[in-house]
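Two complexes are shown next, each including subunit A; its partner changes from subunit B in the first to subunit C in the second.
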Partner chain A sequence: MNKLLHKKNSPKRSTNLFQHERKWVNLFLLPAIIFILLIQAGPLLYSFYISFQDWVFISSSTPQGFIGLTNFQNAFSDPAFVESIQFTVFLTVFTVPLQLLFGTFLAFMASGRSPFLQVSRALLVLPMVVAPVAIGTLWRLMFNDTAGPINNHLLSFFNISGPLWLGDPFWAKIAIVIIEIWQWTPFVFIVISSAITLVSQELLQAAQVDGASRWQIFYKIELPLLAPAFFLVILFRTLESLLTLDSILSLTRGGPGSSTVNLTYSIYNKGLREFDLGTASAQSWMFMSVATVLIFLIFRFNMRMEKKI
Partner chain B sequence: MRNIHLKRGQIQLLIKIPIILATLFLVLFPFFYLVVTSFRPAGEFLANTNILPQSFTLDHYREVFTNQNGLTYLKNSFVVTGTVTIISIIVGTMAGYALVRSRYANTLILVIIFLLIFIRFYPRISIVVPWFLIMNKFNLLDTVWAVIILHLGLTVPFVAWLMYTFFKGVPIELEECAAIDGAGFIRRFVSIVLPLSMPGIASASIFTAFLSWNEFLLASAVTRESAKTLPVVIAGFVTDKGTLWGPLMATSTLVIVPMVVFALFLQKYLIRGMMLGAVKG
Partner chain C sequence: MHNKRKALISGVLTSALILSLVTGASTVSAAGKYEGKTITANFMASGTYDKAALEVKAKYEAEFGGKVEIVAKPFDQLVQANLTDLAAGTGQYDVISVTSWEADVYDKLLPLDAYIARDNYGTGAGFIPGLLRANQGTEYFGGKPVGVPYGIDGYAMLVRSDLLAKAGVSANWKTWADFFKDMDKLDLTLPFGVDPFVFAYGAVEQVPAIWLSDYDSYLLKKNGTYGVEKAKMVRALNVVKKSLNYAPANAKALGIDEANQVFLNGNAAVIMGWPSFIRASADNPAKSKVVGKWALSSIPGKGTTWLSAWNLGIAKTSKNPDAAWDFIKMYINEKNGTDWMQRIGIGSPFLNTFTGPSAAANTHDYPQHAKNLGNVKNAPWSFSAFLDVYSRGTGDFLAGKKTATQTVDAWDKQLGKKKPAAGMVEAAKLSGQMQR
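Take a look at the complex of A and B:
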């Protein structure tokens, strides 16, 4: 869009307009560049350097020398790390598709102009805006096996004696799946909701006039038009699901045992509890390479959509 | 035809209403229960498992504010969120505008945008160890400055990205007219661009405040005791020995309330920040 506007101007005018401005543009960018270099780029490079060092902070306050790829190799002989990767994948595989399913269903259910639907849409978003740490504690209360309402009111209503939830490795995992779905389905919901409003009403009415059933309209018209939005939502949710930490930390503290420690959590423990800085840095760089692929896809897809419009 | 259509819509609404009401219950009940529990007397917690307590008490809030340093932590959260929001809006808005009006090669712009998106989404755990060491070295561990600096690294690029996408939609003609009348870069930015950008700035501010207020990982890495923000405090109430339910629920309520207020009254601004990159515009 910007490019188009520039083209419209006579070349002389825009050179004049911009020649004096180069220094201002650079000056306006400078503070942000300084912030990014100092706060992000510098420490990232430092962490890259540490990942090749033998450095356990408890035993020494300086790195104990270059050890090549040893930290990267050690990462995989660390059972906690491997286990945490498994749980991270488990969490993503079980939460993202369900978030997508529920979010899309809700988006179609709550689309419309009636005041009831408008108020509902505003309220359905709430779980997403609350600090994940608080979501974890909130559900710690809900899942409490003696006093929590899930066992005491919901399950006992159906005459089921509830599991120990957070005291049982299997049910603790399920509890995390449940809160991740609870918190992030709203994200899918709002993205798909706003994508639905962009689908042309004429097209849907035309299909209706031609005798298409509601299901056919959904399947043949709306779904393909919503495909780009779905794709981006999947990328976003997958990426953020891999990065989850806060809610797990306050819901289960990784327990019982280490059954609910995910990737971010295990790197956090390695670095800030065991102070094995070298290994933690190496692990975080391996994690970063996977995340970078997803971020690059998000970027590419954004740029493509921008060009189309 | 129109009549039939209307009826169909009404029937649809009749099916939709119970489904939506059930979902609303699932969404809202945990919040309701959290708030109610924060007023439940400690003795009732295990003894009375009814949804509503027999009596209400302010003990937990009193406990948080008197014995648990709650006021300090609340102040920390406000200072961090306020400072971070103001600085990132100034620095990020300038950067976003500069990017839109720059004549850098397209590739350079793309690289910059990629970096901004990257910083928004990369695993922040990677800078936790270096920052712990740096703050330790400069004696900044456990100060609000440490938290503010780390949050700025996250929010400045984000605001730059958001404002860049916003400024791209602002027509350049007005500025050109002003330029012909002799208004310089700063003058045009302040008196033409900024007033037109208030919706974008509102979005950026609210979302920045949201990020900083809720952020846990970075804040927990560089604070120990006196500089903790509320999310860090919450995590601290859940210990290996047990859970301090009353103070925990009271503090969680304190963290949740401002964001719920934002979400209810300024939702469109908050949502724009959340969906940046996921939806065009």
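Take a look at the complex of A and C:
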């Protein structure tokens, strides 16, 4: 009985202890909090300040004065920036759902304990661990319309004349989508595979005994139980997709023309090639605001789903 | 007699002692001139300029005692690093590989006129006449040179002499209209699988070379902002589009190496490109099917033949400008120029390369190359204006996203209010590229 009482009282005691020591705990945490604020909030606030300044770094090493919302107006009047938003949306809308679909499919196909499946799982993860620049170079060779294996072997086998992958604006976009799906489907695969192993086998067996079909088991049991993993994957992949830079830089460098310039690449150009730090900061803040709203919406959606489940 | 011999021996010994002391002293003075000092020099990681730099580094360190750190970066990164370093004044580099793309920060480079005059390093060094003119081989700011050229190349046509002779075509085109007429003629006689013309249309930063060659007007307006004469630029852009008709079907996807390979494989009768990227392979039977069948020509049009000029300059922030200057002199000289052009492929800025003994073995190439270099110019563009506006705009035009008129209007909208840096305006004025 005493033991039980002790167990029952212990959380309260520790809470009291914590409250008693709160002053000290806060004091000890303070340096870390200040450090994090300096490291994270400092540059963010500085870039917010710059976004209202006239500052082209190549002309002056200090900001040249407050210009109100001019940098924000400049961003929207720049057709290249508007086009880059369109391509960013295109990339996210096409890559994230397809990565989710393929990754989930592969995770179910490769779930199991046989040595063959274990080797398959290891191999499926490989694209994610290859250096992005190497991936760009590799796919550049693959997409070569005259000597590359995609047109020369794969498509010609089916008597299809392959497109100018990197010379045509539409196909260059598709090429980027293909690379992104190839490289990041393994991430979805890993997360969903891990989540699958946590689904209770007893629950699945009980459903089977009750006469549920494989599809019903997947749709009514597995899918709802995997929802938190899907949420995680959607969140990460959406953010990563918005921030895509390496595959574009190494494969198309934004071309042909400006067809594959996305928001990140556009901000990089503005800030680090044109050295227009004011406009680049304004664009970054607009980008960050939209991304934050998107994250908020994904969280809201997840909460609703959890309530439903 | 004994005394005479004694006097003779002591005289010889004294002379020997004095000679050895003088020689020894001068050796010590040269060897120790920059002892304990380190300079940093940057080059493009191309396997040519940086390779040559490593050769000079060893020689310099042995002769002067100081250390040289060679930093090699790909083109994009190099220009970006130079712009950032010079603009911020961080002083990472003493010797800087400068191109016209750094014109925004020419004012941060040390004027070299005093060094050049002191060492009679200008015309006395044997540079190709005209190459030391402002913005036409040598970078200038405030009327003074801020760089010395070491790697020079000018866009050119490389032609298959055998195929042109068969078609009765002479590679002496004054205008693009003449060129297209001959391409039509050539097309009728070419064997299957050989196209009349090839260019790296897939490397959009190269495509301005075509329209620049046809565009014979200003690139900066009177008020100092970017701008072009619309009708002439529209015409020049349409020349680019027309030239595509004579190129392989996949030309829009060809990068520089790929386009060069088309020519080297014998699949194109004419290539417009950088000779320094092609000549060494074209004359190598292991790499080319056109050995002994090609010759250099010039590009048509009344506009500008685009120049690639690598200069070495010294950052104003350098703590060892004298050591940096000695490195520059050791790197850029007649002997290296000729040797490297033949051995490594670097375009020599020295006249002797094209008139001396090495020229005799390259009559299909060197004389015309020297002639072409007398007529080359940079374009007064900042790195970003060039890459992100003109090149990308040309890419959109070639991809069919915009007409020629829309392209020029878009350029005007993007750059019309922007004023380039003082160095750029000065360069444009000096080379006649500013509206009068």
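What we mean here is this: the second predicted complex is superposed on the first by the 249 of 309 C-alpha atoms of A that agree within 3 Å, B and C clash if a C-alpha of one lies under 4 Å from a C-alpha of the other, contacts with A are read in each partner's own complex, and residues count from 1 in each chain.
Just so we're on the same page, a contact is a pair of C-beta atoms (placed from the backbone, for glycine too) under 8 Å apart; a residue touches a chain by one contact, two chains touch by 3 or more.
Quick caveat: nothing in here was measured; it's all calculated off a predicted structure.
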Item to complete: For A:Ile295, decide between first (touching subunit B), second (touching subunit C), both and neither.
Response: first
Discussion item. Tell me the contact category for A:Thr146 with respect to subunit B and subunit C: first, second, both or neither.
Written reply: both
Worksheet item: Touching A:Leu272 in the superposition: subunit B (first), subunit C (second), both, neither?
Response: both
Response to the item:
The chain contacting more residues of subunit A, comparing subunit B with subunit C, is B
Item to complete: Using the superposition on chain A described above, determine whether A:Phe187 touches subunit B (first), subunit C (second), both, or neither.
Response: first
Worksheet item: Does subunit B (first) or subunit C (second) touch A:Ala134, or do both, or does neither?
Response: first
Item to complete: Report for A:Pro79: first if it touches subunit B alone, second if subunit C alone, otherwise both or neither.
Response: second
Fill in: Where subunit A meets both subunit C and subunit B, residue numbers
57, 146, 272
Item to complete: Could you pull out which subunit C residues touch subunit A in their complex?
Response: 80, 83-84, 87-89, 104-105, 201-202, 204, 250, 252-254, 258, 382-384, 387-388, 392-401, 410, 413-414, 421
Response to the item:
Interface with subunit A, subunit B side, in the complex: residues 9, 13, 16-17, 19-20, 23-24, 26-31, 33-34, 37, 45-46, 49, 51, 91-92, 94-95, 97-103, 110, 113-115, 117-119, 121-134, 149-150, 152-153, 156-157, 160, 168-169, 171-173, 176, 179, 184-186, 210, 213-214, 216-217, 221, 230-231, 234-235, 237-238, 240, 243, 245, 248-249, 252, 255-256, 259-260, 262-264, 267, 270-271, 274-275, 277-280
Discussion item. Which stretch or stretches of subunit A touch subunit C in the complex?
Written reply: 57-59, 61, 78-80, 144-146, 164-169, 254-259, 261, 269, 272-275
Worksheet item: Which residues of subunit A touch subunit B in their complex?
Response: 1-2, 5-6, 9, 13, 17-18, 20-22, 24-26, 28-29, 31-33, 35-36, 38-40, 42-44, 46-47, 50, 57, 106, 109-110, 112, 114, 116-117, 120, 122-134, 137-142, 146-147, 149, 152-153, 182, 186-187, 190-191, 194-195, 229, 232-233, 236, 239-240, 242-243, 245-246, 249-250, 253, 264, 267-268, 271-272, 277, 280-281, 284-285, 287-288, 291-292, 294-296, 298-299, 302-303, 305-306, 309
